[in-house]
Structure formats: C-alpha cells, structure tokens
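We just call them A, B, C, D, E, F, G and H in the order they show up, numbering each chain from 1.
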Amino acid sequence: MIRDRVLALLRQVAHGHLEIDAALDQLARDPIESLPFATIDHHRALRQGYPEVILGLGKTTEQVVGIAERIAARGDGFLVTRASSDALTALESTFPAADINALGRCAYLAPAEPAPMGRGTILIVTAGTSDLPVAEEAAVTARALGNTVERLTDVGVAGIHRVLSGAEALTRAAVVIVVAGMDGALPSVVGGLVSRPVIAVPTSVGYGASFGGVAALLAALNSCAAGVTVVNIDNGFGAAVAASRITHASIS
Amino acid sequence: MIRDRVLALLRQVAHGHLEIDAALDQLARDPIESLPFATIDHHRALRQGYPEVILGLGKTTEQVVGIAERIAARGDGFLVTRASSDALTALESTFPAADINALGRCAYLAPAEPAPMGRGTILIVTAGTSDLPVAEEAAVTARALGNTVERLTDVGVAGIHRVLSGAEALTRAAVVIVVAGMDGALPSVVGGLVSRPVIAVPTSVGYGASFGGVAALLAALNSCAAGVTVVNIDNGFGAAVAASRITHASIS
Amino acid sequence: MIRDRVLALLRQVAHGHLEIDAALDQLARDPIESLPFATIDHHRALRQGYPEVILGLGKTTEQVVGIAERIAARGDGFLVTRASSDALTALESTFPAADINALGRCAYLAPAEPAPMGRGTILIVTAGTSDLPVAEEAAVTARALGNTVERLTDVGVAGIHRVLSGAEALTRAAVVIVVAGMDGALPSVVGGLVSRPVIAVPTSVGYGASFGGVAALLAALNSCAAGVTVVNIDNGFGAAVAASRITHASIS
Amino acid sequence: MIRDRVLALLRQVAHGHLEIDAALDQLARDPIESLPFATIDHHRALRQGYPEVILGLGKTTEQVVGIAERIAARGDGFLVTRASSDALTALESTFPAADINALGRCAYLAPAEPAPMGRGTILIVTAGTSDLPVAEEAAVTARALGNTVERLTDVGVAGIHRVLSGAEALTRAAVVIVVAGMDGALPSVVGGLVSRPVIAVPTSVGYGASFGGVAALLAALNSCAAGVTVVNIDNGFGAAVAASRITHASIS
Amino acid sequence: MIRDRVLALLRQVAHGHLEIDAALDQLARDPIESLPFATIDHHRALRQGYPEVILGLGKTTEQVVGIAERIAARGDGFLVTRASSDALTALESTFPAADINALGRCAYLAPAEPAPMGRGTILIVTAGTSDLPVAEEAAVTARALGNTVERLTDVGVAGIHRVLSGAEALTRAAVVIVVAGMDGALPSVVGGLVSRPVIAVPTSVGYGASFGGVAALLAALNSCAAGVTVVNIDNGFGAAVAASRITHASIS
Amino acid sequence: MIRDRVLALLRQVAHGHLEIDAALDQLARDPIESLPFATIDHHRALRQGYPEVILGLGKTTEQVVGIAERIAARGDGFLVTRASSDALTALESTFPAADINALGRCAYLAPAEPAPMGRGTILIVTAGTSDLPVAEEAAVTARALGNTVERLTDVGVAGIHRVLSGAEALTRAAVVIVVAGMDGALPSVVGGLVSRPVIAVPTSVGYGASFGGVAALLAALNSCAAGVTVVNIDNGFGAAVAASRITHASIS
Amino acid sequence: MIRDRVLALLRQVAHGHLEIDAALDQLARDPIESLPFATIDHHRALRQGYPEVILGLGKTTEQVVGIAERIAARGDGFLVTRASSDALTALESTFPAADINALGRCAYLAPAEPAPMGRGTILIVTAGTSDLPVAEEAAVTARALGNTVERLTDVGVAGIHRVLSGAEALTRAAVVIVVAGMDGALPSVVGGLVSRPVIAVPTSVGYGASFGGVAALLAALNSCAAGVTVVNIDNGFGAAVAASRITHASIS
Amino acid sequence: MIRDRVLALLRQVAHGHLEIDAALDQLARDPIESLPFATIDHHRALRQGYPEVILGLGKTTEQVVGIAERIAARGDGFLVTRASSDALTALESTFPAADINALGRCAYLAPAEPAPMGRGTILIVTAGTSDLPVAEEAAVTARALGNTVERLTDVGVAGIHRVLSGAEALTRAAVVIVVAGMDGALPSVVGGLVSRPVIAVPTSVGYGASFGGVAALLAALNSCAAGVTVVNIDNGFGAAVAASRITHASIS
C-alpha cells in the first residue's frame, strides 16, 4: 500500500504532474509513511474496530471525561482503565450507553464497528477473591478487543482440587490468563495442566513480604512449568492485550 | 480417552468380568488417570513427537550423557540445554547423529517421529551480539518443538534504523521473540511495530547497574507497548516453549 | 471414608442398582472425592469444629458483615482478621455473641460445636508493646482453633533479664510463638532457651532501615538458634495456625 | 585576585602597616576566601542573574511564602519547585508578577537582572502525557536559568514513528532532555539519533514492577546508546541545571 | 536440679561448712547455673544422645577433621554439614564407622548412646532433582536427631498428579518438610493437602530472576495455605531440627 | 551493689537470721539480680537521673499523655519522641513545666535530679534545612541525657566552604553527630576533618532514588573517612544516646 | 545532505535519467536514508574520524583480534575496551602501532584521519587509587574521540584539602568527569566547586554494603550539588562519550 | 600548632627575615595549612605515631610489598589489611620484624615512635568462630593505633548464658566492638548489658537469606538497644578506628 503510494508519487514526478520540490516536501514531511509497515501508525490500527484506551490513573475526572467525549464525538468507542469511582460515576452519567465495571475500575463504550472476533475462548483463572479486580480489568479488555471470555474463579492451590475441577474449562480455552497474588503458585499448576498459551498476571494481593506483588511476580517468572509468560504486576489490561494478540494472530 | 477407560472398567464390573475389589484398587492406585485431562501426564504428552529436555546446569558430564543414553536407548530424542563444553564434546562423540550447538550450549537428537509442525514462523530478534547464546537456545528449542525459525540479529535501538529495516521479517512472523539485555528497550519498539504476539527475553548482558539482567527484565515488564509478555532472564528455552504453545495452539 | 464411598458405588454397579453411565457421571463430576485424602476439601475440614476465616483486608464493612451473616445463618462460627474499626463496630452490633478484639483487629463468633482442643499450651512472646496487635491476632486465632494460650509480654533483648525471668512459662509451653520487630533478635534468644518448636513472626515495627519488617524477617530466617521457623511479616494468624497444626498433630 | 589580596596583606605586614596579630586574625577568620576559587561561594554565584531556588517539598505554605518574600524584598528573583497547590495559590496572590506553573508545580519570579542566555536550544522530549509534570519543571527551570526551550511531546517508543517525526527538532537542539517512565526506552532511541548531549530523566510513571521509577532509571543507566547521562527519578529540575551547565559552558 | 544445687550450697553456708566468701564466689562465677532452665546449657543438652554439629562451611579439611577427632576422642558422635568433598574423603578415612553422604555433603558418626526417638515420621518432599542435596542434608540431620524419615521425590507442581500420587505418604507423616526452588509453589500445594505441620525449605535452584532462592523464599512466606512455616534458603539442616523439635515435643 | 546484696543475704543465712528456704526463694524469684551487672536492669539505670523515654510513634495522644502522667506522678521526668502535633499540644497543656520542641517532635520534662553531665560538647552538624527535625530530636535527647550541645547548620558539601568555616566548632567538639540526607556526603568530609568520634545519621530527605534514606545510609556505611559509625535512618534519638555513651564513658 | 541526495534522485526521475522502478527500489531498500537525520547511521558517523569501538567483555581473544583486523584492513582505527590481558597481549603483537593501556584494559589504533578535536579540556578526577582503571578507560576513550584530557588523582573527600588543591585544574576544565566509589561523595563536592558540566562515574570499589557500586551510584544520583549527571557503574567509556558529546557540541 | 606556624611566618616577614614573595609562595603552595584544623592533613597526623594503612584488597603482592618498602624506608611503620596469603608470605620474608596475622589477613610493622595509648580497654566480642577473621582485623588495628584489646569469643545469643558469663569483661571495657553475622542479634543484647559505647560490625557469615551480611547489618541498624552504632559489613578495621577515636578522645 505504502509502496503503491510512493510509486504513484514517483510516477507523478516522472510525468511532470508533480514538481520535484513538492515531491521532496511530501516525502520529507511524512517520512514514516514511506516505511513498509502496515501497522506503523498503531493508533490508526487500534481505531479500526478497537476502542481507544484511556489510562485513568493519575488523571482527574474532568480530564478522563474530556478525553472520552472527544473520542465519542468523532464516533469512536473507548475503554477507560484504572478509573476512580468518581470518574466512573461521571462517565456513567455522560455516556448512558457505556458499560461501567466498578470492580474492574473500567468503563467501555463500544465503537460503531465492533472489533473483529479472535479465534477461541480466553479463560481467566483467579486464585482468590482479592484477585478479582485485576481479572475484571482483563475480562473487560479482552471482550472490548473482540474475544469470548470464560472465568474460573477462586481456585487457589491451597485447595488443589478446585483447579482440578476446572479441567474442562482449561482444556477448552485457546489462551489461559492466570491471575494470582501471594505465592503466585497457580500459574505453574495451570501451566502443567494445559498445553495452550498461559499468561500469568501477578497481583499485589498479600501483605508483609509479598512486597506489593514481587513475590508473585518472581514465582511466575520462575515457573517450573515451561513456557509460561508473565506481564507486570496487576496488569490485567496487558494480559488481555497479549491474549488477544494470540487469538487474532491465528486468524489474520 | 480417559472417560473411555473408566467407562470400560465400569462395564467390566457391571458384567461381572472384574471383581469390585480389583476395580477399586485400579481406581485408587492411579487416581490421576481418572481426571478428565488429556494432558495430565505431560511427560507422556511431550514424548509424543517431542524430545525429552535435560537441563545441563548443575549436572556432571557423566550424568548428562547417562540420562541421554537412557532416553536414546528407548528410541526417543532429547534436547540438552545449558550444557558445559565438556558435556557437548562428550555428547558429540556418543551421539554422532546429534546436532551440537556450541554458542547456544545445546545438543539435540531428533526423535524417530518428528514433532508436529506449528503454524507460521517464529522470528527471534536480538539487540546485540552478546544476546546470541540466549537466542540460539531459543532457536534450537523452537525447532526441536516443530517450528520454522527466522532470525533478525543485532538490531538494538541505539541504531533505530536497523530494526526498522527488518520490517518485512517482522510483518511475516507468527510470533516474535525479542532477546535483549542492557536497557531492554527493543521489546517495546518491536511490540509497537507488530500486532502479533511478542515475547521478551531479558538477558544478563550488561555490567554495573544492569544487575545481571534485572534492568532489562524491569524494562520488559513495564513495556509501553501493550501486550508484550516476558520470561525469566536468559530463558531462551522458556520463550521458545511459550512461542511453540502459540504456534501449536492454532492448529490443534 | 472416600474409599468406602467408591466401594459402595462400585457395588451398586456390580449389583445392577446403578447404571454404568450414572456411575461414570458421579465419578466424573466430583473427581476429587475419589482421591484418598481425608483433608482434600479443607473448607469442609475447617468447618468441622473450626470457625471459617474472613480476611477483612480490602473488604468493605458491608462485605465483611454480609459474609459473616451468611456463615452464621448456617449455624457456623467465624473468625474475622484484619478488620477495620468500622467493620468491628458493625460486627459487634450485628453479632452480640461475638468476641471483638480491637487491638488484634479480630472478631470471633464461636461455632456451635467447639474445635477439638490441641495438646499443650501455645506461648506468645512479644518483644515490645508495638508488637501487641500481631500477638493479639495470633492469640485470638490460636484460641479459636482450640488452644490454650499464654502470654509473655515486652521481653525484648535490650533488657535480657526480662526474657530470662519468663523461664518458667517458656519451659511449660508446647509451642512458642515469638513476635518481634526492629532487630528481630528475640527469636534467636528464645530458640536457644527452649527445645520445643519456636515460630517467629517478624513485625513491621521500626522505622528507617527496618524496611517494613524486612530487617526482622531476615534476622529470624538467619537465626543462630537452629530449628526456628518463620512466617510472613505481621502474620500472627499464620503463626497461630502453624502452632495449632503442631498441637493438634500430636493428638490425632 | 585572592593571590593579590594575600600579597597586599603580606606587604602591609612587611612594611609595618599591619600588626602581625591583626594579619593572623584576618587570615584565620576567613580561611575560605584565601582559596583560589572564583566560584567558592556558589550562593553568590547563583545570585548574579539567577533566581534563588526554594524546594517546596516538606515546607509549609507559610514557610515557602516567607522565604520568597525575604528574597523578593532584597530585589532578587526566586524559583519555587515542588510547590503544593496551596503554596502556588498563596504565591500567586502575594507575587502577582510571578509566573505560576500548576502542572510543573513551580512558581518563578524573574530577578531584576535576567540570567545570561545560554548558547543554543534545550529540547525537552517526553514519552507520555504523564511525564509532563516533570517536563514542565525542567522547562521552567531551564528558562529561569537563561535558556531557550523547545518541546517534543508524547513520542514514546511504542509508536516509533512519533519520535522519528521529531527529527528536525532533535537535530536543532544543543542539548536534549528525555523524560520517560515505564520502560525508559526513549533515552536510548534518542541517544542513537542525535550526537549532542542527551540527559535522561526517569519518571515514577508506571505501576506494579516499575517500582516508582526504578525500572526507567535502570534502563537509562544501561542505555545501549553510548554517552547518555542520567539524573534522579522525577528530577526535572536537576536535568535542567545540568543542561544549563552545558549551554553556559560553551559561552564562558 | 539447679534448685537442689543452690539449696545444697545454702545448707553448707548455714551449717558453717562453707565460708560466705567462697559461697559468694561460687554463685558469682557461674551465675547462669542459678537460672531455672533445664536447657540453659544447650551444648550439654545436645550432647545427651545428640551428635555435636560441625558446620563445614568456611573451615579447612584440617580444622573439620581436628574438631571431629576431639569430639570422637571423648566418646561423642558428630554431624558434619556443608563439608567439602575433600573433607568428606578425609573424614571417611579417619572415621571408618562414620556414614558419609556425598550428595548431602554430610558425615555422621553415631554417638554411643543414640538420640531418643521422636514420635512419628518426618516426610521430606522435593520438587525437582536439583533439590536433592538440600533434602539429603535434612534427611541425615533428622535421622541423627532420632527420627524416622520418608521421602517423596521429584513431585513438582508442573505435573500436579505427581504430588497427588503421594497422598498416602503425605497423610502418614507427622511433619512434612517441603524442599523446593524455582517458583516455590510446592509448599502451598502440600500445605493445602495435609493438616500436619509443614516446613518449607526454599532452595537456590533456578537461574535468572530466581535470585539465588529469593523467589522461592518469598513464595513460601506468602503461601496461600495457612500455617506453613519457612526456614532459610537451602537450610535443610534447620528444617530437620525444626521438625525434630516437633516430633520430640510430643513425647517429652 | 548487687554483690553486696547477695553478700548480706549469705551472711544472714550464715548467722541463722534467714531460713535456708527463704534465702533460696529470694534468689530464685529474682535470678537476674544475682548477676554481677551494674546495669542489668537498665530501666532502673535510666531512672537514676535520666528521663524515661516514650516513643510516640504509633501511640494515641491519650496513651502518650497517660504514660507521661504515670511517670510524672512518681516524680520522674520523661522524654517523648516522635510525638504527633496533637500529642505535643496535649502534653503542653498537661505539663506546663515541660519543654515542647515542635520541630523535633519531642517533649521533655526534666526529672527532679538532673542527669549527670557528660564530658565535653556534642556538636550536631546538618547538611540542609530539611535535616533539622532529626537534628532537633538528637539535640533534645542529648541535653536530656546530660550533655552540652552545639549546632552547625546547613553546611552541605555542595558549598564545601560552609563546613570548612565551622572549623573551630568541629575542633572543639568531644563527639560530632552528622545529620545528612540525599547523597550522605557530609559524614565523610567531617570524618576527614576531625579526629574525634563521628556518628552519622542518614535522613530520609530526598526524592526518587534516595529510597527513603537508603542512599544516604549506604554512603555513610561506605564512608571513605575511616572510623565513622552509623545509626538508623532518621534516628536522631539513637545518635544522641550513642554520643552520650561516649561523653559519659570518659567520666565513669 | 540526505535532502540533497533525495533531491538528486527525484531530479533524475523527472529528467528520465532514472526509471521509476529503480528509484522506488532505491528508496525502499534503504528507507532510513530518506529520513532527515545527519546522524541516523551512527556507525558511519563514528567512522568519520572516530575509531570503531569493540567491547572486549565476553569475547574471546580470537574474536577481539579478528574484529580488529577486519577494521584495520579497511583502513579504520579501533578502540578495544574491557580487554582481557590475553587480548591486550595479542593486540600488541598484531598491531605494533596500537597504544596498549593495561590499567585501563584498552587498546587504541588511531584511524588515518584523526577525530575532530573538541573544544576545551576534559578533566578526569578520581577519589582513590582503585578508581584508576575506570579513569584510564575514560581517558583513553576521550582522547580517541578527539579531546584533550587532564587528570586530578586521589583527591577523595576524607582529605578535603586534596580536592581543594586542585582548584586551578577544576576551574580550567570544560567538562569534569568524577570517578568515585565507596561513599560517592566526591561528585557532590566537585559539583559545588565548578559551574561547568560534571559527570559522575560511580565505581564498584568498596566492600560489604557498597553492593558493587550501588552505594556510590545512589550518592551520585542524589547529589546535593544541582546538575550533576550520572552514568552506569564503572562506565568510564560512557562518561567519556558523554563528555565528548559536550565538547563537540559547542563547535558544530 | 598551625596557628603558630603561620604566626612564625608572619613574624619572619615582619622582621625582614623572609621575602614577601617567598611567604606568599609558602602559603599558596599549601593553602590548606592555613586552615585552623589540627587534623587537616590526616596523612601527616596518622604518621605521628600511627602506622600508615595499606588496603591489600585489589593490589598485587608486588604492589603491596613495594608500598610497604617505601614506607619502611623512611622509617615509618605500616598496617596492611585484607592481604592475600601470598602477600602475607612476601611481607613476612621482607620484614622479619613485622607481625603477621594470617587469620586477620593483616601485617603490622610498628613505627619507631609508638602511637599514644588510648584510655581504657577495647573489648572485641564475637558471636561465632566464623566471625574471628573480622575480629582479628579489628584487634590488630586497635593495637596498632595504641589500644589495649580484650576478647570475648563465641558468645552468640543462641546460648545466652555465654555472653552473660562475660559480664566482668563487658563491665570493664571502655568501648565494646560486637562482631556478629547471621541474625546480628548479639549487638542488641550487649547494648542492653553495658552503658559504654557499643560498635556493631555485621559480618558476611551465613548463607541463603543472609545476603552477604545484609541481614546482620539491618539487625544492627535496628537494634532495640538505644545508642548502638554500626560500621560496614566485615569492616573490622573501621570499627577499631571508631573505637580508637573514642579512647583517644578522652585523653586529648
């Protein structure tokens, strides 16, 4: 495509339809466009069927709503993550059509044209109830990016039969996201049970020497089940994007 | 399959072909088999077309060769990782058919029945020449697990045009493994360029405040490109297994 | 017991009292039950004479009270740990029969059938007055799990005669829990004085380079008195459960 | 100059115009002045055309305004950094002539005699919008110290074309300050693009394993682009002073 | 006993058989003996049926053998831990009666009078083969202190059926020691399966971000199975002493 | 003294003025008293001329005032450290005779009999104005323990002439306490200038990579001036006690 | 220049001297060249008067000499850093014209056309004799990049008069590199003495709690002298490149 | 003294015995001498009765012996610390009069004029036998600086009676140096027993989570005995210099 655009420009020059100086300016002004990447402007790529993402963290309610309004005004959808409860309330009243997820601290307004669906189900497994906010963030994000989401909840390894009982769901999933704090043992157990991609999200759940999720992070990085990958602490959003890269890779 | 086996057993009991006590013993002795997991015995699963993996680290040459001989004797293949140069020399003379990769510290003996091929190419990108041993480990592992591997070498971000020149290879890959030490900046750049799954392998390359790869690890975990996942420092093996989970997930 | 249940099921099949399919379903639906563990469903185990534990941390007062009501409704007791003062006030008015421990941030409602008593006394030793909340949590938990608790308070090593004066209590105890922050020196001294099990609970007491209890944690892990074990920082609850495992092990 | 002063003193002694004791006292009383440094009293140096700097952090509004009034009273200018919004409001009403920068948490009152202008432009590059407060602090400081400031905003490496589009500004700058949190990858990319001095300011932006800016700090220290230097986390002020040392060094 | 000794001394004074000054000296010289601790001289306590322990780490072969000879000369037994292979060879030839454990880096010479036997079996569970040296150290120590030891080997959680298969052994044990490196997930799983005391020994097995066992240590400290206690990294000796405190506590 | 007490007791027994059993009881009940330490009961030692110390941190205003009242009631003095402003206000109104130091967060009520004076002056040197609260705590404590205190303020090494100007005070001091945050460079400079004892107090002043005083702590521990000792971060109280141990050691 | 090249190409197309397809190929094959950066291919930039840099760390002697020979063969110069003594010996005999610096672990072969000289002197200040290897690396690098280098050696702050004696050299320098381990206090003192750019190189000199240079690194990052910048631990090479960016910036 | 020297110089000028230029040169050449510090040139100060100190760490045997020879040649004594066994052997044969301390890795050649004796005894207390090398370094240093040294060995807190037995020695000492690794509990116990200055030297003794002495360092910094000061890990030399500052302070 880009190749075509440059080809056209060179043809215009060759045929005298474009001045040399104008052609030079055009190439210089937008050098990136001359690179052979389809995805080079990832903002654009994301806009095609994907909502724009607004990280609510460190933004005032006014800022969050303002950005959301600008996006909605041009007809696009948005996904707000890490929104304060204030921001969620404001978004709810401004955008009645938006889905508000208080537990996951997210708000989602679907774009006119929905995201293309990925292949297979993303299963989100949680160790304990305090991992739920992170799991919700992952679930909302995954759905917004065009995925079917299943959940397996409260299956921490201290009661190992709980995760074993989820065998069917584990076997069915195309990708498994494992959300676990404290000792971060669940990703290793799940990684040994399934042969599909497993993404671990360590959470900051725990106290004392959990060091805000470092214990769970290190456990996940050192998983004795080969081929488990890891995202940042509490980063449910990132895990969902990673999972969605997988489900969409197999169809493109 | 397991369901079938239990069904058969129950039928035998019902038809009087099996004593109740014998049936009970059989169920009790191997309780795991009664769980509805196809993959529950992952050793077996790996053996079907996959080589067995021997971690050379902390084993003597005698131990490594001994285990390898036992595996080869029963007709299976093996993959030795983190082998000392001594162990590699011994493996080379004992198994003339094995592939020895000195840079990647690996030895590979293909099993009789090769692993099923994954879908698409795994591209392994390295930032600098000192990341090559880890990249080699990933490449050998990925191939042993049934994957086509491509390489993009020495494209660190200090000369950003180098990675941009690799556009075609990046666009072509089904999964991208990015191996980078020092500042660990390459995964973020690659993660922004491609929409496919990106797995970062931080390496212990660097000195002073690189802290044996911690700097690169933290950079990868905090990647500003959403959806980049991470494995342990220098864990080329793990990255390849993770990538292979993806390429094989889409065909099973 | 489980063996009996499976035996009965097989007998029903053998005698034609149960269809093969129904037997299969029953085994498949609850695979865990077929494992030869008495304790496999630890929730159940805990319910038999033990209160259910609700970790108050990160839960709203409504959530805490709600869960507690559900438990009490089915006739069980509960132990709430890390409860906010708001939650404690609410629990106090909702459950007049509950014991409220403000210092230990706990609320305890005894179950109808009390927990079986462990053998011997659990002695809880504290270094300073600021270790008391953690010690209280341990004491309340230990009692709820069926233990006799003694206390030795404010016997930090800077006045070594204080712990020496507690000789009699130390000698009498079946298990000693040592709660200490700052330099974490007390577990080593106690571990040298008694031959019974000693469990150290490092506390986050201290400022500057105590790093939220890390100094005390490391001291406990490196105790020069052999055989001292350690639980997480401020984890009075965990120490009491560990101690109760010991006192109940000797009677079962 | 100092040599001259001591020479004169010794001459006075030699000619009997100064008592030995008086000479001794004079040398003893002000030992510093006898050192051959032009810059030994850096307070004085800073006062000549530079504003005095008041670090607002940990000071009450009363203290900040009080110090500012004392400085203004003697006709000097001031730069308040890390001011609370309260302090900024108070400064605004007390010093109508002062420039208040809410985002950068700074207030600046120009001195009567402006600082001598440095040579060339200081370009401040930011990776994301949350790096802006630190960038503002740098910009206000740089201008107060007599520099022309340019900005390149929101050019994080996840969309590599963004920083490449800033080529012209990057080429034009005498010094480049790169403000980046999360993975801290931007300084390496910029350091590879320009041959002028590059100063990295890691920011505490990010969550989870960014550890309050440590990830970005380590990335900057391990930059694969040679010759990138680093200042403390969030230290926009320090980066601007360092840049100003460079722009003023070339003219003195 | 001590009470008796002081009583006797006072009687001697009362009856004029001992001078006041001599009595004073005797009390002053050995003040500790007047404390009501049976265990105050733990060296003596250990000598009664227990071997003396020599930490081989940082001692030359000559020093280790020398100390061992001095102990054996007075008829006592010894346990050497962390012995170099040189030291083990020397001990083997000097003490033909000693048990040499090369894998566990231990040498043990039984004392004339064996240690009193503890109640119940100590089960030592290992996650992987590289955890074996630490497990051996624990086993040798536990046996030397008068315990029956059982082993459950290579039951890491990546193949969860392996530990489940050990159900019988787990149920039988009085105390369980769980030795695990890498992600340190095994103690949590075991802690959920059994109700007896569980002691976790994190090992330094792993590479990259295992940080010499810190990952496994933190996982163990944050175990989601309540009441798991922890000893120092690789401290098989300490775990065995802790376990032996438990098995002997229940019989004294 | 203690020796005298035991001597007296033995004499009573020898002379038949005390029953053997009563003597035994007396020795057994208070075993510590029989140890030949003058300082064994340090509470007592402190009471002789020293105020009792109340650490205000983590205590409510009611608790602080309550303890203070109990001490004052028996005629002793007290020193409250780390008091909240609330507590200081309450102490001020309850004890009009007490000295309230808001900056140092201390309140001091002199005991009836003042502490014996130490030999020489304690000089407290501070690097910057934000180190003053810690310096004040040290000053108040030192004076309460019977010391003459001098101050050298705001002499950070960035203006090296400032500390050099303090030569006279430095030379005069018996002990120097150096309070410094940020880079912690001042203790090294002072340690090189004086031959008397130098005690460094790192402070938590600084932001970003000062890590709450860790940077200054490490600098002090690694001082290139031999013989500088260090106390905990922000521990002005501890530094003053250490200095007072020195000034009083030389007179006892 | 690049603009000129593209202009020429477009002219060739316009005048029919170049086929459209050939022009397209030329632009596509080397897209980077079309970006308006003078320095985009920094390899080339470095080759113009600069030696190529070979990091010796982790390379065999054969590899180092091989790369050096390839560079020398095409007439360029080279700078080998972090060379082993073996590599230095081999380089010395292969390249008699090369300068070998054993202390700085460097070898330098001047290119035919020397690097353009920077403006002003780079002064390299060291705290102690053990900082010399890092200082030598900086000195050799700075000279190779076209700079005049001065040295001020062994002026650690424990003898503050030593650095003060260097006043003249400090005042004369265009840029000051301060190499210091242990407490890292020297950069702060130097940063307060001079107004020119100061670059701190923390070294791994020190033991115990210097943590391989972390103490000095943190001290430098927290320098109380504003505007001091920092490079990685022991990174003399990086400091020299940074200094050379400054000296060459002022002349371009 | 310095004052006297300047006075004399001024007198010479006044009386015409010294040319003005010569006087100026003399003051300028050594400007530091004009500061009113007795100790400003600490090299000189140390030479007066003190040995010069050579840190053996990181120096070759040739370098160590060479420096020692240069010092001895001008009639001074020396103290070599952290000497390799090679260096000790070489020093022993070169300086037959030197005291060689293999355990403490020190060599000491007494200067002609011995150091002035400090007041009182320095007591060096060690927790375990592996702390002895550090204790020896402290002992040799303390003696070389003119102190009487006593020792209390192997009195770790796991057998608390051992340190209590040392009551007399503890009471007698002017300063106590406590050398302890592992849990670092001994300084707190000693600090509570004596009222004299206590200096803690954490040692790197221990394994696993002792982190090379960090556990003991943190314990010492957080000592619950007020007024304990700390030096760097394994820094026996520094502790002895600190102690000697105290014993010599009281006599000057």
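Assume a residue touches a chain if its C-beta (ideal position, glycine included) is under 8 Å from a C-beta of that chain, and two chains touch if they have at least 3 such contacts.
Predicted model, so just to flag it, every value in this text is computed and none were measured.
Colleague: Would you mind naming the chains that touch chain D and likewise touch chain G?
Modeller: Common contact partners of chain D and chain G, which must touch each of the two, are A, B, F, H.
Colleague: With contacts defined as at the top, give the pair, C-E or D-F, that has more of them.
Modeller: Result: the pair with more contacts is C-E.
Colleague: So which chain is the furthest away from chain B, centre to centre on CA atoms?
Modeller: Farthest chain from chain B, going by C-alpha centroids: F.
Colleague: What's the call on chain F versus chain H, same or different interface residues, using the half cut on shared numbers?
Modeller: Same-residue interface.
Colleague: Find the geometric centre of each of chain B and chain D from their Cα atoms only, then give the gap between the two centres in Å, rounded to an integer.
Modeller: It comes to 50 Å between the two C-alpha centres.
Colleague: Could you work out how far the Cα centre of chain B sits from that of chain C, in whole Å?
Modeller: Computed from C-alpha means, the inter-chain centre distance equals 41 Å.
Colleague: Which chain D residues sit where two or more other chains touch them?
Modeller: 31, 35-36, 40, 42, 158-160, 164, 167, 192-193, 208-210, 214, 217, 221-222, 226, 232-233
Colleague: Taking the top-of-page definition of touch, could you list the pairs of chains it picks out?
Modeller: Every pair of chains meeting the touch criterion: A-B, A-C, A-D, A-E, A-G, B-C, B-D, B-E, B-G, C-E, C-F, C-H, D-F, D-G, D-H, E-F, E-H, F-G, F-H, G-H.
Colleague: If we count contacts the way the header does, which residues on chain E are in touch with chain F in the complex?
Modeller: It comes out as residues 3, 6-7, 10-11, 13-14, 16, 20, 23-24, 27-28, 31, 34-36.
Colleague: Can you check the complex and tell me which residues of chain B touch chain D?
Modeller: Checking each residue of chain B against chain D gives 127-128, 156-160, 164, 182-185, 187-189, 191-193, 206, 208-211, 214-216, 218-226.
Colleague: So in the complex, which bits of chain C are touching chain F?
Modeller: Counting only chain C, the residues touching chain F are 130, 158-159, 161, 164-165, 167, 205, 207-210.
Colleague: In the complex formed with chain A, which residues of chain B make contact?
Modeller: 35-40, 42, 45, 53, 119-120, 164, 167-168, 170-171, 174-175, 192-199, 217, 221-222, 226-233, 237-242, 244-246, 248-250, 252
Colleague: Flag every residue of chain B that touches chain E in the complex, lowest number first.
Modeller: Touching chain E from chain B are residues 30-32, 35, 40-43, 57-58, 202, 204, 212-214, 217, 232-235.
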